[in-house]
Each structure stands twice: as C-alpha cells, then as structure tokens.
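In this document, chain identifiers A, B, C and D correspond to the written order of the chains, with residue numbering beginning at 1 in each.
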Amino acid sequence: MTDAPATRRTTVGTVADSVLAFTAGDDVRLDRGLIEVDCLGTAAHVTMLAGMPVTPPVLREDEVAAIRKELAEVVRQARTGAFAITAEDQDVHLAVERHLTQALGETGQRVHTARSRNDQVAVDLRLLARIELAGAAREAARLASVLLDVAERHRDVPMAGRTHMQPAMPSSVGLWASAWAEELGDGILLLGQAFDLADRCPLGSAASYGVPLPIDRQLVSDLLGFREPCHNVLYAANGRGRLESIILHALAQVMLTLSRLAQDLILFSMPEFGYFHWPRGFGTGSSIMPQKNNPDVLELVRARAARVMSHAAFAQELVRAAPSGYNRDVQEAKGPFLDGLATTRATLRILDPLVAGTEIDEARLAAGFEAGVFATDRALELVGEGVPFRAAYDRVKAELADLAARDPREAVARKTHLGAPAGLDFGLMRGRIGEAAAFADTFEPRWARIRESLLPGAFPET
Amino acid sequence: MTDAPATRRTTVGTVADSVLAFTAGDDVRLDRGLIEVDCLGTAAHVTMLAGMPVTPPVLREDEVAAIRKELAEVVRQARTGAFAITAEDQDVHLAVERHLTQALGETGQRVHTARSRNDQVAVDLRLLARIELAGAAREAARLASVLLDVAERHRDVPMAGRTHMQPAMPSSVGLWASAWAEELGDGILLLGQAFDLADRCPLGSAASYGVPLPIDRQLVSDLLGFREPCHNVLYAANGRGRLESIILHALAQVMLTLSRLAQDLILFSMPEFGYFHWPRGFGTGSSIMPQKNNPDVLELVRARAARVMSHAAFAQELVRAAPSGYNRDVQEAKGPFLDGLATTRATLRILDPLVAGTEIDEARLAAGFEAGVFATDRALELVGEGVPFRAAYDRVKAELADLAARDPREAVARKTHLGAPAGLDFGLMRGRIGEAAAFADTFEPRWARIRESLLPGAFPET
Amino acid sequence: MTDAPATRRTTVGTVADSVLAFTAGDDVRLDRGLIEVDCLGTAAHVTMLAGMPVTPPVLREDEVAAIRKELAEVVRQARTGAFAITAEDQDVHLAVERHLTQALGETGQRVHTARSRNDQVAVDLRLLARIELAGAAREAARLASVLLDVAERHRDVPMAGRTHMQPAMPSSVGLWASAWAEELGDGILLLGQAFDLADRCPLGSAASYGVPLPIDRQLVSDLLGFREPCHNVLYAANGRGRLESIILHALAQVMLTLSRLAQDLILFSMPEFGYFHWPRGFGTGSSIMPQKNNPDVLELVRARAARVMSHAAFAQELVRAAPSGYNRDVQEAKGPFLDGLATTRATLRILDPLVAGTEIDEARLAAGFEAGVFATDRALELVGEGVPFRAAYDRVKAELADLAARDPREAVARKTHLGAPAGLDFGLMRGRIGEAAAFADTFEPRWARIRESLLPGAFPET
Amino acid sequence: MTDAPATRRTTVGTVADSVLAFTAGDDVRLDRGLIEVDCLGTAAHVTMLAGMPVTPPVLREDEVAAIRKELAEVVRQARTGAFAITAEDQDVHLAVERHLTQALGETGQRVHTARSRNDQVAVDLRLLARIELAGAAREAARLASVLLDVAERHRDVPMAGRTHMQPAMPSSVGLWASAWAEELGDGILLLGQAFDLADRCPLGSAASYGVPLPIDRQLVSDLLGFREPCHNVLYAANGRGRLESIILHALAQVMLTLSRLAQDLILFSMPEFGYFHWPRGFGTGSSIMPQKNNPDVLELVRARAARVMSHAAFAQELVRAAPSGYNRDVQEAKGPFLDGLATTRATLRILDPLVAGTEIDEARLAAGFEAGVFATDRALELVGEGVPFRAAYDRVKAELADLAARDPREAVARKTHLGAPAGLDFGLMRGRIGEAAAFADTFEPRWARIRESLLPGAFPET
C-alpha cells in the first residue's frame, strides 16, 4: 500500500499509467467494502491525535468534530453508492483523505499524521474481520441448529451407515445430521479463535517501526473496541498476510464441513438412492435436457470449499519467504481474504433453507438395509454369548450367505451408548454450539454501540 | 453451466433469487471477455447445422446468413460496450441467444439445436486460450529478447555469482541475464504445448454424450481453425477444469521465472548492492516516508506468480474427485483461468520496459568481488599443475587468509567452455526462443483470417 | 485402515502381494512411532471392557491385568527396538494384537471387541498429537524466550528498519527480535487451540456408527486423560484428515514465523550487510568452493516451512469431496501429519542455539543508516512545529538532497510509545508467551502420571 | 547439496550432529535409488576429463578405465544391497567418491575436478527422470490399451450417461471406457514433453557459474545420451526445483485421470448401482465388519492423486521466491520428486489388472435407464420434424410425465457422429496413444546400450 508512482505527478505517459494499473490491481473495486471501517478507523485516529500531548496540538477538538462529521457523511454517501473511489484515488484511504481535504482544507491535511496507509489497511481488515467472523459464526450456528432439528425429528429413522461408500452398519438419520452439526461446532470454535487474533489493534505501527510522537495506541484500541493493541509495532506490520491466512483457514474448515455435507446430499439424492429430496427450487435445469433438475448449488458448495481452501494456502504462501517489514506482496491477499469471508457466509446462508426443506424418504432409506449391514451386530451377539470377538468375526464371515436381514429400527435402538444413534444428547450438542458462537452474540451489539459513538448518525439502522 | 433455476420462471421470491445469485457467481462480469469467441463459435455451429443432412433442414442458408450478420453486430456492439450481459441472462450464451431470438424470431430458437451450454463454454475457453497463449508466447519471446540484449551488451561485465545468497564464483552480467532468457524459452515451449492441447474442438459433446443427429464435428472444427476435433465426446466434456489446469500450469512456469528475476532485481538494487537501478518511473512512494521509491512492481510480480500457481493447483483440485460427465464444480475454474491468462500477460508486458531500462552499475558490481570468490579458480589452477582436486581444495581452504583478489574481468574471460560466461552463444539462444514461439507467429495471422471469414466486417482492424 | 486383502489368506500370488504393497504404503515404517500410544489406548479399552455390564463379562479383571502386563512389555521392547512390525502385520494395531494373542491365547482374541482399527488409528493420532503439540509449544516458548533475551540485550542497538526490502525508518535490534517472539506467541496460541480440539476421545466410534454393546465411552476418555469424548460417533469418524489439517495448520503458522526469521538472518548476514553472524558451526561448506560457509540450515527452514504448509493443505484437500463415514483416503494424511509434527519440532530445536549464538555487529548496523532513513522523523518534526503533515511530507520530499543523517541512537530513543523501539514492555511479552504455553506445562506431568497408571513399569524414566 | 558442516571434522559435539541430522534430511535413504545413475554420470565425467586438453592431463586413460571398473563394481554391489550409503557419507555422491578414493587412492581424489555436488544431483535426477518417465509412459499406454479393450468389447452396451451425478442421456460403456483412454493419451503427451525438458545435460554448471577449465560439455552430454546440453550454465543450475515441478505436474495430470476413473469405479460398484464388479482380490476387509470387501485400492488412487498434485505445487513453490544460483531449499524437492515418479507408476501398474478384470453387469446398466434419460432424444426428434429446438425443449419439458422409456440399445445406436457412442474410431484412438508413447519405445533400448557402454558388465540383464 503505497503512494502513487513517483512519476505520476510529474509526467504523463504510458509507463506511469501501466505501472499504476499494474500496482493498483483490483483495489478500487475491492475497497468499496472497506469504506465504513476505514472511516471508523480514521475517526478513532483523529480523536487520539487531538489529545496527543504536543504543542501546538496536531488537531483541535473542533477540528476533530468536523472531521468526524464529514466521515459520517462519507459513510452515508457510501450506503447509497454516492461515494466514489476513483482510479485516481487508487484506494479507499486516499479517497477519504481527498474528501476530507476538499471539505476541510488544511485540517484534512493533518489527518494522516503519525500513521501510514499500511496502518489503515491493517486496521480496516481487522475491523472487517471481526464483523464478518461474528456474522459467519452466527450463521453457522443457525445452520447447525437446523441440522440438529432435522436430526431430532428423525432421530430414530434408520439409515444404513457407510464406510468406503459401501454399506457398513445400522445407523440413523439422527446420527448423520447431528454429526455435521457437531463438526460445525468445531468450525465455529475456529472462527472464534481467529476472531481473538484479529481483535487486536495494529494502529501506531506506521511504516512498521512506530513514530517519534507520543501517540496513545491504547486509546485508539479502546475507541475501536479492540481487546488490546498489538504490542510490538513490527509484529503488527508483519501480521499482514499471516492473519488473513489464519482467518481464511478457519473459514476453510467451515467450508470443508459444508462440502462434505453437500457431497452426501448429492450422493443420497441420486435416483439410485432417493434417501433425500432437496427442495426443487434449489435445482437448476439444463439448456439441452428438458428433464433435468440438477444439484448445482451443492456442487458449487464443493467447489467453493476448494476455493476458500486455496485462498488460505495462498495467503500463507505469499509471505513465507518475505523478510520482515512491509512488503507489497501482501496486497494480493486482500481479494482472496474478502472473497473467502463473503463466500463462506453466502454458502452458510443458502444451505440453511436447503437443508431445512430437504425431505427424508424413510421407505427408500429402509430399502438400503441389505443383510450384510447386520453382520457386525451378529458377531457382537456371539460375543455376548461368550465367543471371543475374533472367533465370532470369523464365524460370521464364513456364514455370510446365511446372514438374515433384521429390523433396522431395532438395530438402531440397540446402539444406546454415549453418542451412538440411540444415545445422542441433543441438549449437550446444542449447548456446545451456543457456547462456541457466544462471542458473536457479545460482539455484535457492542460493535453497534461503538460505531454509533464514533460516527453518530452514520448508521441509521441502529 | 445450466439453465435458470427451475423455479425462476414460475415463482418470484427470495429462494429463487438467492439460488440465482449463488449459482451465477461472477459469470456476468467474466463473460464480457468471451463475447467475441462465443459469437464465432455460434457462427461455425449454425453453418454446420445448415448443411446437416436432415429434412427439413434445421436452418436454411439465408437464415444462417442472417444469424451471422447479427453475430457480427453483437461483436461490434461489444467493442463499444453497447452489448450488455444482464443478470437475467446469467451468461454470455443466453445473452447472445436472446439477442438472436429478439432479432430473428423462430430462427433464433433453432440456433441451440444439437449443442449445450457446456459445449459453448468449452469451445469459448479453447478459442480464447489459443489467442491468449499465442499472445503470451509472443510477449515472453520479446522479454527474452530484451534480456538477451542486456546480456549481449554486458557480456563481459563481471558480477560475483552467488550460491546460497553468498558470494561464490566469478560470473558476468551476460550469464545472469541470458540465464533468464533461456529459462523463458522453456516457458514458451510449455505455452506451445498447452496451445496444442487446447487446439482441439470440443463441439458436439453436447451434454457430454453426443446427440442423435448427423452433426459434422470435423467441419465445425475446421471452420474454427482447430487442428482436429476431440474424438470421444465424453473425453471432450471431461476436459473442463483439466485443460484449464494444464494451461495455468504453463503460465505459472512463466511466472515462476519472472518471479525469480524480480527477486534478483529487488535484491541487487538494495543500496547495499547497487548493482542494478531500475527506472525510477517503475517505483512507488510511501504515504508516510518522503524518501521512498519502492520496487512495488517487482514485489507484485513475486506475489502474482504465487497467484497464478495457486490458480493452477486449484483448477486441478477442483476435478480430482469428480466423477465423469459434466459437474457444475468446473464453473469455478473460469475466473482463475481468465485471471491467470491476463495476469501473466500483464506481467510480461510491464517487465519488458522495466528490464530494458534498468541500468547496470559496473563499479558497484566490481566492488562485490571479495577474495573468496576466487578460491575455486585458485584450486583449479593447482589442478592444472597436477595436484589432485581434493588436495588442492584442502590446501586453498587451509590458506584462505592468504588468498588474493584477482582481476574479475580476467577471471570471467577464462571461463570459455560452452555456456560459461565467456562461452555463451547468443545466436543459439535467440534461435531457440524463436523456434519455441513460432507457433504464435503462425497462428495469429491465420486466426485473423478465420474470424474475418466467419463474421465478415466484425473486426474492422484486420 | 482395514483388514488384509480378502485374498491374502487364501491365495498366494502377485495380485494379493501388489494389493498389499499398494494399500499398506508406508504404514509399517510410520507406525513405529505409534507403538506406545497404541498400547496405552488398548490398555484403556480393555479396562473398560472388563467393567462392561454384560454376562458373561467380555474380559475378567485377571485377564485385563495380564493384557496390561503384556502391553507394558511391548512398550519396553519397542524402546530397545526389539518389537517389530512386519509387513505381514501391516500396521502397529495388528502387530500388537498378534503379540497379545500369541502370549495370551483366547484372551488376546477378545481385545478387539467393540472397536475397529479406525478407532485405534484415531485415538493413537490424538494421543500423539497432544504429546507433540505440548512439546512443540514448550520448544516454541523457549525459542521466543531466546529471542526476547536477544532483544532485551540489544534493545537500544539501532537497526535501519526496512520496508519493501529498502531502508525505511530508524528501528532497533530489540524491536526486530521481539517482533518474532510476539509472533511466535500467536503460533503457540494456535498450537494450544489445536491441542484442545485433539483433546477429545474418539473411541467407541467403531466403524463410524457405534456398537450395540453398553460400552462406557466416558470412562475410556477419562482413563486416557482426554477432556471429554467426541460426542456423535460419526462426527468422531469424520474427524480423520480434518483434525490433522487443523493441527498441521497450527504447525505451519509456527513454521511461517521461523521461515521469515530465517529469511532475515540469511539476508542480514550477507557480506553486503554483515549485521548478524550466526555461529560458524551452523554453516556448511561446498564440495567445490573452499571458501564457503553457507546458511544451509536457514535455507532449509524456509523450505521446510513450505513443506509443512503443503502438508496442511494436502490433509484438508484429501477429505474435501469425501462422503461421510470412513474412507481409506485419510490414511494418506498419516505420513504428512507425523512429518509435520517432527519437522516443526526439529526446526524449533535447531534455531534455539543458532539464534542464541548469533552475534550482532553494531558497527555494521550503524553503517546502514543513510540519511533517507530519517526523512519521516524530519517531517514529523515539522508537524510538531504546526505544519500539516501533508505539507511537511511534501517539503521534506522536495529537499531530500539536503536531508542530514542523524544519530541513530537518538532517533530510536525518541520512539517511546507503546510497542515502539523505546516503548517495548518485555515483561508483558514474556507473560503472554508463558500464558500461551501454559497448557503444555499442565499437560506434561499429568500425562506422565496417566501413562504410568495405565501401564505401570513401562516408562522407567518417569 | 553441500559439504559436511565445517565444524564436523574439527569438533565432536551436539551442535555438529544436530546440524548434520537437520541438513541431511532423508538423503541417505532416498539416495539409494540414485546409485546407478550417479555412477553413470561419473563415468561420463571422468571420460571427458581424460580428454581435456591440459598438461598434465587430469586423468590418464588407464586411470579412467580403473575408475569405470570400480563404478561398475559399485553398481553390482548396489544391486545386492552390499553398497551402503552411511550417515557419515551424507549422500550417494560422497559415498561413491569415498569408494573410489579407498580403491584407487589419488586417482579417486581427481574425480571431482571441475564439477560440484549440485552438478551431480542435477544430472542424476535428469537421468532418473528419463528412465521413469519412459516407464510411466509405457505403463500408461498399456492401461489405455486395456481401457480400449474394455471399450471395444462393450462398445454397444448401454449405460445411462450422467451429468451432475444425475442421469442425463443415453450412452455406452464403450464411450465411458474409451474417454479415459483418450484422456490418458493427453497425460502421455505431457510425460513426453517433460521428458524432452529433462533430456538436456546440466553437467559443467559446477557451482552454477562454470569453471575456468576447457571441459567438453557436449561430449559428456553425448556420452549420457542427452539430446543436448543445457546451454547457459546458470540456467542449468536454476533448473532445480523448476524441472521437478514440471515433471511432477505431468505425473499429476496422469494421476488426475486415474483418480476420476477410480471415482467412477467406486460409485458404479456401490450395490445401489452394481454396474461394475472389480475383482474381489483388489478389495480389503474390515477389522470389525465381517461382510466387508472395500475398494481401498481405488480410494487410495484418489488420495495419491492428491499427493502427487501436492508434490507438484510444492516443488514449484519452493523456488518461487529464491534468487538465482543454487539455494539449499531445492534439496527438499528430491523426496517428493522420487515419490511422485514411484507413486504414479505403482498406480498405473495396479489399475491395469484391476480394470482388465472388472466385470460389466449389463442388466444393472440397463436398469439405470429411467424415462427422463430419453427426453433430449425426444426433443431432437421434434426438431427433425421441423420444430425449433427451444419450442421442442419446452414441449417435452411440459409433458415429462408422459415421456416413455425407449430401447437403450437403439438410442445408443442412433448417436453415430464422430466420437459419439456409435461413432467411435478405435483405430484412431489406439494410434494416438501409440504415437504419444513412441518416445519411450525409442529411448529404452537406446538407454540400455548407453549404460552398457559406459559401465560394461554392470548390467547383466542387458
């Protein structure tokens, strides 16, 4: 994140233009999503500057008030699309500074005191990360809740459990659906841990090495509602790319669960299975085959999991061989980072009604119980009669042809131990999901208050 | 690539909208780059349909002429930005079909006979791949030529060769610069091989399994200037994702070379070295540090190499566990594919003037020759006197403190064997680059003729 | 993780052999590291079986005692290399079961009641993960401490801070070294979070769907010192691959920090810099160049970071498109998982003495301060005089040629705010590292007690 | 690839040992596979040295003969496992040099004149790559031939073609099986192109910058049967990592095809489908479920495809940010490189009998034809009657409930165009496979002659 090319102001020509195009990349487009957080970061920064013990003060209180009023105006304009980031601006930071300078003259020229654009990008991405991670956690918890509803409603519905994609042992729809919920709980934990790492204020790092001015980093951190400042300022600067990779990894773990859930839904809704029927409205047709209603949404869930995973690895790789201090390479993490957040949330949101509306076909599920599915149950019956397991196993194996099918419901009902099909504790599972997502419930109202206090009137909805 | 969600036409509601938003992804934006090739593919397809031996014919010759006229119109509109792909259209294919149907009524409704949208995407991406790969090869050859110019101009300028980033042995700027050129030659070979794999026509695969109509796949292939059709139609369909990954890998190999070249330029232009001075216009300043002129362009080359490499791995991964026949997952490869092509070409183009304008500082280069750089030369002198190499090595090592510096120019001049600093054959290197890129020279004029013959008047520049 | 190929026992031939070779992969070699944890898992399992309320009991107390005695014997033999896992065994689980059956006859045949090999692999990997993650956290904390020692010893030693690999602003060795320590603290937090996810007992999942026997999963979990059992048994089974990827990601984040630290050490020990001199004993020579002492260790740190990162992405990818229930694909995660743990720990251990022994060359560091490094300080001085920052910046930029060098020590001393070179709080940084690694301090003695209580006498060192 | 740590010879201690362990990595184990090629490379090198126009000659003809005799002895010993590479040796290169020096005294000390260990690794890997790539191409061509046999035998057997994993259109086993063969043909082409890039001799690069001696690089290249020398010696050195990544990418493309073939075999052999029955001997059982016979081999094919793909990305990444000249990082590519070659070949070899022995169940295949599969055929019939396609599509869609099933054989027979189920040209497909693999047929006998001429008597089997 740097200035315009040096030549830009003095020469007009193809080199400068092509350099600008090459270096700006997608920032103008991507930065639209950062306007609000950038204004909030600046509001906190100027508030701190006004209190900085230097004479004369860098900014007077009335100047700060004027700046915050203009920042609120920018936020309002951004909501209606009226605030533009131009190619000339390069990015949101210069666009906002330009607005302030145009509106407030010399006062605007003081805003960038004791900070760098890298500072701004770093704080913007962390502010955004907190909002989006909390949102993702809430949405993941909701999907987990939908899955637990499905599980509880069908807790006793038999479903042939599979290993190696082949029929294995008696199981239930309740076990299948709640397994995904418990796994989503892990994902939510990871989102919360990533949130904690993001919840530190980097401001004051400036060009990575701090400034010879008595800035109050703790105050800025508090104003923005961060848990604490990053301590070492070089550590703060080195976090770019790395922090994005940690957050993207947490998102990728959520997507991994969704991808496997989608894979199961695709498989088990093939006509050869017919276990599940997702709502027809989620299917798409073919341009050539009139009979088609395809699971495009679910296939794209698989594919977008790969996308978010790829983003996570990329952000990490980007900085692996980079020396300390800011390197421009990290700019390339911004697009994948924003995309990973948006993609994960969109996927969570679309699976919610899809899963909720999926019908379970008990008859088709029952038809999946071939006799072999009961082989282990038979061997363990022999164990109950005192036969050593290995001998029981061998005997059943030798007599597979004689193995009789059984009542799947009874077989499921006999698996009563903790966490087995008939031993599921839904209260416990719901409780864990709730705990994992609690950070989002705490954060969201707090954040609403913080942003309102920094830029009063900018957020009419709160 | 499929139809609108089934519900879209019958219901209006949030599910249908969110499904459409989720499945369409970035297609509306990305497909703008495919309008030309899509129109050309359709022109070839309808020409073939008119000749298909069925009664009544699917299209009459006059209908084909009308369609091609409208397609040329679409291409012209696209050039001025007047042809829109709307969210309603979903993608370029439906947008063009809509245009034809609006303009030509029932005739437009016949255009999609015996093909699917997957067919269209597949042929569009291959048509585009040929154009872009040829362009990339030409640009890579030009950069290689620039590097060889630098090398030839400074063939005898001494430069301390490094291993492990530490000074190692006498070398020259000529060796350094021409090494990158020879490596780019490998990249161009890979581009050419990827071109060959792309240079087969997939049309006629339809929904992956062909059609019960006597279509002439060879004719369509010839009309579009492909070397030959993909034979097995299911093979053609299965190629999506896989072909993109092969092309992206070739591009990634080019980027790998550029990344390492950039890394050397960054290192050797640090003030502690001062070997190279790239043109100031390619540097960018800092928002906080007035003295800065940073190598952002070169850092971004490093980062974008990682990006293209990531795209290549992603496209491959996308289809690894996919069964045969079309799966929607492959749509996700389109964005990275187009980005990989554009990114590589932009990088080649910006390095061309940057490298050409870089100044070589002979004095600073000479200052890099510490005595240790001559240790191996000394050991090999002893070998020349009959000392076994291992003994010579040990003797020099024991007497390192006494090792005297030498004249770097002389040291370089004594490395005369094939491919050594004083044994470089520039004619040979230039010849190989030229051969590797010859496919582009052949293709480009041929393609200009083909597209003009398919859509006369649509391409005023040719 | 499955049985021998069905044919193996009945036919002797090339198909069976090649299938066995193909499926066993590296297990025989890799499983040597799992013998201890496998025996401990079995000890807990049989203890539980003996208390299971079935008549007749699956195992009597005296049988359990005999089994645990044999397991302790296996552990002792393994320590001396006397316990072999043969190709015939395929893996550690069958090797141990074979030993028990040979030693105890029918009693041995009862051991595998109510569990599967997948159960065993899952619990073994989690037991090992806890041990290794705690070890890695301890070692990372030690390296962080070494870095903080270096930082505190050289807290005021000036070092020109860099951005874009170019000189940027005054900084200090203290800031540089402690930045890595604080970053390692993040890595240790991630290790701890991965530890928490690993710290759940999967046993009782059996073939993914539980068993129709009243097993006590809570008891087994307690015996092995897990925080709690995985609840849903299918969730437990689905965790393979996913859990490995989470752990590998935490390790990769640690390696990322080490890689960048290594990159700095390589750069700043080039003769053109000479800031740092790592101990000569960590260098390696060349087979041809007598003068060489290369930073191979540091280069390999960079490369091994890429390796662990690659492992993490691979483990995740392995299961992305896998349906629920056990799939054999996950076996492939075992090698990378074990390698990732070992590689990270080896890297932490070798960097400890390397960093501790590195000499800091204050004179060379001081020489790195060109006048431009003070440009921002000058601009901020003008700000102190009331000049708006943008105007100050422009003025300094216009007068760069006149910019005078300053005293680096004074410049560093003026950066006093929180986390700046002269505002570092070493107590705070040490405290955070200690808190992050506290889980390892708690776990290690507890684990020593647990394993001793499960297999008394098997671990003479405790 | 460098010498022992400098301290190793003078001090005995933990630092030196741990450095050696850290840097040597897996070389001692991995290098066992390189003994033959290393000896051949040395044989060519010393032959060249003897003819080098210096006085006195570095080696006399009788010395060369003695060296080649000893090298042949090493190769023979290696075959019986009698030649050891010890930890003391570090790698194959020092082990062989030690053997020569012990056997031949001072003559052995002259062998390493004018080359480096990096030279040796580079040539060894290229020599091995040629052998393995040719072997892989031959094996891939054989598997393609098996697939074409299956296809030709079942060319008319109907199989419901699928898209989105849902039934789509009538197809045939012949189309399905030959699609994989044609795709393998692409893989073989890529193997051949990678072979061509490997088929250049790097020797003479020494420490990356050549030597001040009149070595004859062309002669060495010819002696080893390379197409030509790498020209620029720095280019030759920079090829490490990059070349491995190109070769691994070609292998990964082959594995990608095998993975998708395996995925289809797994899916279509689930009892719900029952289309295919792979030979029972390729299945594996379960340790707990007596009825099981699982497709572990096929699942591992999927997983190992991910492994080879991961290797390819890793090798590329390893060098992305590396400056020119040798860097130790590249050593890490050796293990994945050798593993990628071996894994791909093992996978090709095991799929050969598995595919050949798979039974096709025509009755189950026929049962897969639900009426919807014929919807497109019906729409195209209407087109044949003059209805515009879009209207025909809409009409069939509106009347889906009335759509009647048809005779699948007839439906398949009507798809007669080029590359459609009834339009497959097996001769053409076989011909293309043969052409793609021709390089292997040429290379293998030539290589047998070359190695016999370099080390007569070392290869008794030829």
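We adopt the following convention: a residue touches a chain if its C-beta (ideal position, glycine included) is under 8 Å from a C-beta of that chain, and two chains touch if they have at least 3 such contacts.
Since we're looking at a predicted model, the values are computed, not measured.
Undergrad: In how few steps can one go from chain B to chain D if every step must land on a touching chain?
TA: So the least number of steps between the two chains is 1.
Undergrad: Going by average Cα coordinates, which chain is farthest removed from chain B?
TA: C
Undergrad: Hey, how far is the Cα centre of chain A from the one of chain D, in Å?
TA: 38
Undergrad: Please compute the C-alpha centroid of chain A, do the same for chain B, then give the distance between them in whole Å.
TA: The mean C-alpha positions of chain A and chain B differ by 32 Å.
Undergrad: Please list all residues of chain D that touch 2 or more other chains.
TA: In chain D, the residues touching two or more other chains are 2, 112, 163-165, 168-169, 206-207, 267, 285-286, 288-289, 292, 294-296, 299, 302, 306, 313, 317, 320-322, 327-328, 376.
Undergrad: Just say which it is for the chain contacts: an open line, a closed ring, a star, complete, or other.
TA: Complete.
Undergrad: Would you pull the chain A residues touching chain C in the complex into a rising list?
TA: Its residues touching chain C are 2, 54, 56, 58, 101, 106, 109-114, 118, 161-165, 168-171, 175-176, 178-180, 182-183, 186, 189-190, 193, 196-197, 204, 206-218, 229-236, 238-239, 242, 245-246, 249, 252-253, 256-257, 259-260, 263-264, 267, 302, 305-306, 309, 312-313, 316-317, 319-328, 376-377, 380, 383-384, 386, 388-391, 411, 414-421, 423-425, 428-429, 432.
Undergrad: Which chain B residues qualify as touching chain C in the complex?
TA: For chain B paired with chain C, touching residues are 163-169, 266-267, 270-273, 285-286, 288-292, 294-296, 299, 317, 320-322, 368, 370, 372-373, 375-376, 378-379, 393-394, 396-397, 400, 403.
Undergrad: Which part of chain A faces chain B closely enough to touch in the complex?
TA: So the residues of chain A in touch with chain B come to 1-7, 11, 15-16, 18-19, 21-23, 25, 93, 112, 115-117, 206-207, 279-289, 292-297, 299-300, 302-304, 306-307, 310, 313-314, 317-318, 327-332, 346-347, 349-350, 353.
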